[in-house]
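Next come two complexes built around chain A: one with chain B, the other with chain C.
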Partner chain A sequence: MKRKFVPWMFLLLPLILYTIWVIAPTIYTFYLSFTEWDGLTSPQFIGLENYKYLFDDPTFYKSLINNLKWLIIFLAFPVVVGLFLAMLLSQDIKWARGFKASIYSPMILAPVVIGLIWSWIYQPQGGLLNNTLTYIGLKSLTRGWLSNPETALYAVIGAAVWRHTGYVMLLFLAGLTSISPTVIEASKIDGASAWQRFRFIILPLLKPTTVIVIVITMIQSLRAFDFVSMMTRGGPFNSTNVLAFYMYSEAFRNYNMGYGAAIAVILFLIMFVFIALYLRQIRKGELE
Partner chain B sequence: MNNNQQNSKTKYLILILSAVFFLIPMYVLLVTSFKDFDQVSLTTMWNLPTTFSLAGFTTALKKLAPNLMNSFYLVIPATLLSAIMGSLNGYVLSHWKFKGADTLFALMLFGMFIPYQSILFPLVQFLQSIGLYGSIPGLILVHVIYGLPITTLMFRNYYTEVPTALTEAARVDGAGIFSIYRYIFLPISIPSFVVVFIWQFTNIWNEFLFAVTLTSRPANQPITVALTNLAGSQVVHWNIQMSGAIITALPTLIVYVIFGKYFIKGLLSGSVKG
Partner chain C sequence: MELTIKQKKKIRRAAIFTALLLFVLVWLLPVFGALLTSFRTMDDLMNNGFWRMPEKITFKNFGTAWSEGRLNRYLLNSFIITIPSLIGTLALSSMVGFALAKYKFKGNMALYLMFVAGMLIPFQILLIPVFKLSNELGIYNSYWGLIMIHLVFQMGFCSFFLRNYMITIPDELSEAARIDGASEFRIFYQIYLPLSKPALAALGTLEFTWIFNDYIWALVLLRDDKLKPVTAGLATLKGNFITSWSVLVAGAILATLPTIFVFIFLQKYFIKGLTMGSGK
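Our next item is the complex of A and B:
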């Protein structure tokens, strides 16, 4: 009898804190999405009005599409490049630690710092990018990367990709080290080429890691806030607006708390799909 | 053999180029911050400063000093507390089977991925109601709690390596839940504490959203927020801003340089599956 209680008591404090500070606010936000509230007076219950407005809101769709673009690019570049670099570094390489440390290093910088650096790189007059393009004779390609609605989003995503790749690389490296070398050796003896080894042995064995990487990458891309906030504040003309930032600006700049909450709920529901996938993968991994 | 050598050279080339690519912005950061304002111009981007100037630094430091201290006041307690709690949680969740343990764990993980925007207003209200809104202690509290999922996860992953036979034997010998922790798990936890410390230190230091919404007056703000304010000013003195960025990045960089080896080793051994 006593044994059943004791673990719960151990966890009681963090559990209580967690319920108050994480679970309850989530539920409260759901409630708020059905109200209209300016943060000062009391919330007015308005049912599904916020959601009705949402479905007709062009800015919402713009932000959603931007999130989608972010997601796709995040899946394409950091994942592919990260895997490639991990494959290289899992072999016998001199200075491997140095390479790993350098490639991972962007992750230790605050996103706001990275946003600042890249804003500077993207400066139309005198920024590193335009300067380099001019220097190698491609002056025609120079432009205001962050001020041009066509390129702004990709410029911001670029900075985020630059940061995220090292992290993906490390995750894949961890997954690769768990693949037993005897399997690889056996396949070499059997005469498999490098590509065949990769495609038919390594890739399938990497599946659990790949799932984790994809889920984390997707969740990270949906959370993107710091970069947008630092580099463009959602502009120009909402071309870099994403759900996480739109929600923030509606709630804390325009004082439309109820509407901001509705956006938050949508964002949360989208994330929930990936969170569920992640949990499922962890459970599967544990059962093995 | 020639083919292999060729292969090898290409590999190293790719790796070197990649490393450079990821390090260039840092080079730029360092180089710019040591320049005088008039040197930070269109044509001299790449160049090392002709005169080594600390002007950018001193100005940035003057403006950011209080915020730098705020960040320290925030990060050190928050890291310590969330690590200790994570260790305890991870211990219980990995070695004590009880009803609801798995649901509990799932619930915790879920908290790790909640978009912070989704819970921002209730958080603001709760903090206001207990009088902690706009202050560093309030931020500490928030970061400790929101750090629980990831620290619990990291410790749990680490502790599952410990054979259950060990805890069973200790239980048979009459040891209670806390003494097993104290005498078996705690002593071997150093590597995971290192990883968790570094992870939490870095993430809490770098965090921006909570920092910007949960503190009000500039005097109370952590350095990440102060940096954005610095950058938002009218006349863009790039050398000051870059110096500010370095000051912001320096603590995490130092931690990484000193402990990075253990950190990456810990990450690779699976402390973080996420």
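Our next item is the complex of A and C:
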């Protein structure tokens, strides 16, 4: 009888705190999304009004599409390049450790720090990018990378890609070490080409790692807030706005808390698809 | 002339090595660029451009960012917020991890999955209620508001991580201790916690950089400039020194020093943490 309570002795305090700071707030945001609230007076229940407004809101769609672009670029560049780098660096190459450390070093920098440094890189006057272009004779390509609505989003994503690629590479490197060398040796003896070896042996064996990488990448791209806030604040003309930042600016700059809550709920529901995928992967691992 | 297999291999390796070297040099250009810029004057940069020999090397930008830019205060705040959050979250999560790893009970799997889900949710779903809660508890605009949200939110990842580590520690130890009459808490405290040191080191390193690098919570839960951690401080710095990029970049470098320090000395743990934490 007493043994039954033992785990709860350890869980009680953590669970109380977790309920107050994480679980209850999540539920409360759902409730707030059905209200109009300026943060001072008490919230007024307005039913689905926020959502109706949301689905007619061009900024909402703009942010959603920007999130989508962010996601596609994140899946293309960091995942593909990260895998490629991991394949190269898992071989016996001189200075491999130094190369690895250099490639993932941006990860330890705060997104805000990277945002600041890359804002300088993109500066129209005196910035590294325009300076380099001028120096190598491509002056015609120089522009205000962050002030031009055509390039601003890609410029911001570029900074985020720089931070994320090394992480992906690390995850793939860890996945590669778990592949037994005898499998690789056997395929070499059987005369498989390097590409065949990659396509038909390594890639299938990397599948669990790949699933995790893709889910983490998707979640990271939807969490994008710091880069946008530091580099462009969503501008110019919402060209770099994303849901995470739009929610913040509605709730904490315009004090439309109810509307902000509705955006948060949509963001949460989109992310929940990926979270569910992740949970499924974890459970699969548990059952094995 | 026919090349032997060995020679071919050698040439291939050399080619890969050269390609990687070039890639890494370009990859690190923002770092070198930032370092060089922080030691130059704005006039020099504007007149000569980046790719010219600097007229002179100056440390003034760092001094300006440090005192006028108040980086000294911001960095101190970052430590005041990060260290208690880190200790608190590790303490509570190791209890959760232990309970989930070592006891069979109804709801064990559900709780585990809840913590995993909790570590992945977007902050946006919590921002407004936690802002309101902190106001009502009187910890809005204080270190405590930030400490509490970091401490509690990071429990998601830390519990997940420690549970998966502790589950690999064999049960024989605790059974022997139980026969000797040790209490459950002593088994946790004197057997499992010391055996989890490698996991705690990896996790601590990782969490230190994560909490230290937080920006959005500082934005939402603090108003006074004198309480801001260095991430939010950099945003203020950007507003105040908008045209002095050499000062801004110097500030960014100063803001990074603690995490770079952690990275250089605890790199092994950091990487172990990242790869261990990604799920098996």
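Here, the second predicted complex is superposed on the first by the 288 of 288 C-alpha atoms of A that agree within 3 Å, B and C clash if a C-alpha of one lies under 4 Å from a C-alpha of the other, contacts with A are read in each partner's own complex, and residues count from 1 in each chain.
One rule holds in what follows: a contact is a pair of C-beta atoms (placed from the backbone, for glycine too) under 8 Å apart; a residue touches a chain by one contact, two chains touch by 3 or more.
Treat the numbers as computed from the prediction; the structure is a model and nothing was measured.
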Q: Based on the superposed arrangement around chain A, label chain B with chain C as either clash or fit.
A: clash
Q: Have a look at where A:Met247 lands relative to chain B and chain C in the superposition and call it first, second, both or neither.
A: both
(Q) So in the superposed three-chain picture, is A:Thr29 touching just chain B, just chain C, both, or none of them (first/second/both/neither)? (A) both
(Q) After the superposition on A, what does A:Phe198 contact: first (chain B), second (chain C), both or neither? (A) neither
Q) Can A:Ile282 be said to touch chain B (first), chain C (second), both, or neither? A) both
Q: Figure out whether A:Ile121 sits in contact with chain B (first) or chain C (second), or with both, or with neither.
A: both
Q: Please work out whether A:Met271 is in contact with chain B alone, chain C alone, both, or neither, and reply first, second, both or neither.
A: both
Q: Return first, second, both or neither, reflecting whether A:Leu17 touches chain B, chain C, both chains, or no partner chain.
A: both
(Q) Shared contact residues on chain A, chain B side and chain C side combined as an intersection? (A) 4, 6-8, 10-11, 13-15, 17-18, 20-22, 24-26, 28-29, 32, 39, 85, 88-89, 91, 93-94, 99, 101-103, 105-106, 108-113, 116-121, 125-128, 131, 162, 170, 173-174, 212, 216, 219, 222-223, 225-226, 229-230, 244, 247-248, 251-252, 257, 260-261, 264-265, 267-268, 271, 274-275, 278-279, 282-283, 285
Q: Over in the complex, which chain A residues touch chain C? Could you list them?
A: 4, 6-11, 13-15, 17-18, 20-22, 24-26, 28-29, 32, 39, 85, 88-89, 91-95, 99, 101-103, 105-106, 108-113, 116-121, 123, 125-128, 131-132, 134-135, 162, 167, 170-171, 173-174, 208, 212, 216, 219, 222-223, 225-226, 229-230, 243-244, 247-248, 251-252, 257, 260-261, 263-265, 267-268, 271, 274-275, 278-279, 281-283, 285-286
Q) Which residues of chain B touch chain A in the complex? A) 11-12, 14-15, 18-19, 22-26, 28-29, 32, 41-43, 45-46, 85, 88-89, 92-93, 96, 98-99, 101-102, 104, 106-111, 113-123, 126, 141-142, 144-146, 148, 176-178, 202, 205-209, 212-213, 224, 227-228, 231, 238, 241-242, 245, 248-249, 252-253, 255-256, 260-261, 264, 267-270, 273-274
Q. What part of chain A is in contact with chain B in the complex they form?
A. 3-4, 6-8, 10-11, 13-15, 17-18, 20-26, 28-29, 32, 39, 85, 88-89, 91, 93-94, 97-114, 116-121, 125-128, 131, 162, 165-166, 170, 173-174, 177-178, 212, 215-216, 219, 222-223, 225-226, 229-230, 244, 247-248, 251-252, 257, 260-261, 264-265, 267-268, 271, 274-275, 278-279, 282-283, 285
Q: Give every residue of chain C touching chain A within the complex, in rising order.
A: 13, 16-17, 19-21, 23-24, 27-31, 33-34, 37, 42, 45-46, 49-51, 92-93, 95-96, 98-100, 103, 105, 108-109, 111, 113, 115-118, 120-133, 148-149, 151-153, 155-156, 159, 184-185, 188, 209, 212-213, 215-216, 219-220, 231, 234-235, 238, 245, 248-249, 251-252, 255-256, 259-260, 262-263, 267, 270-271, 274-275, 278-280
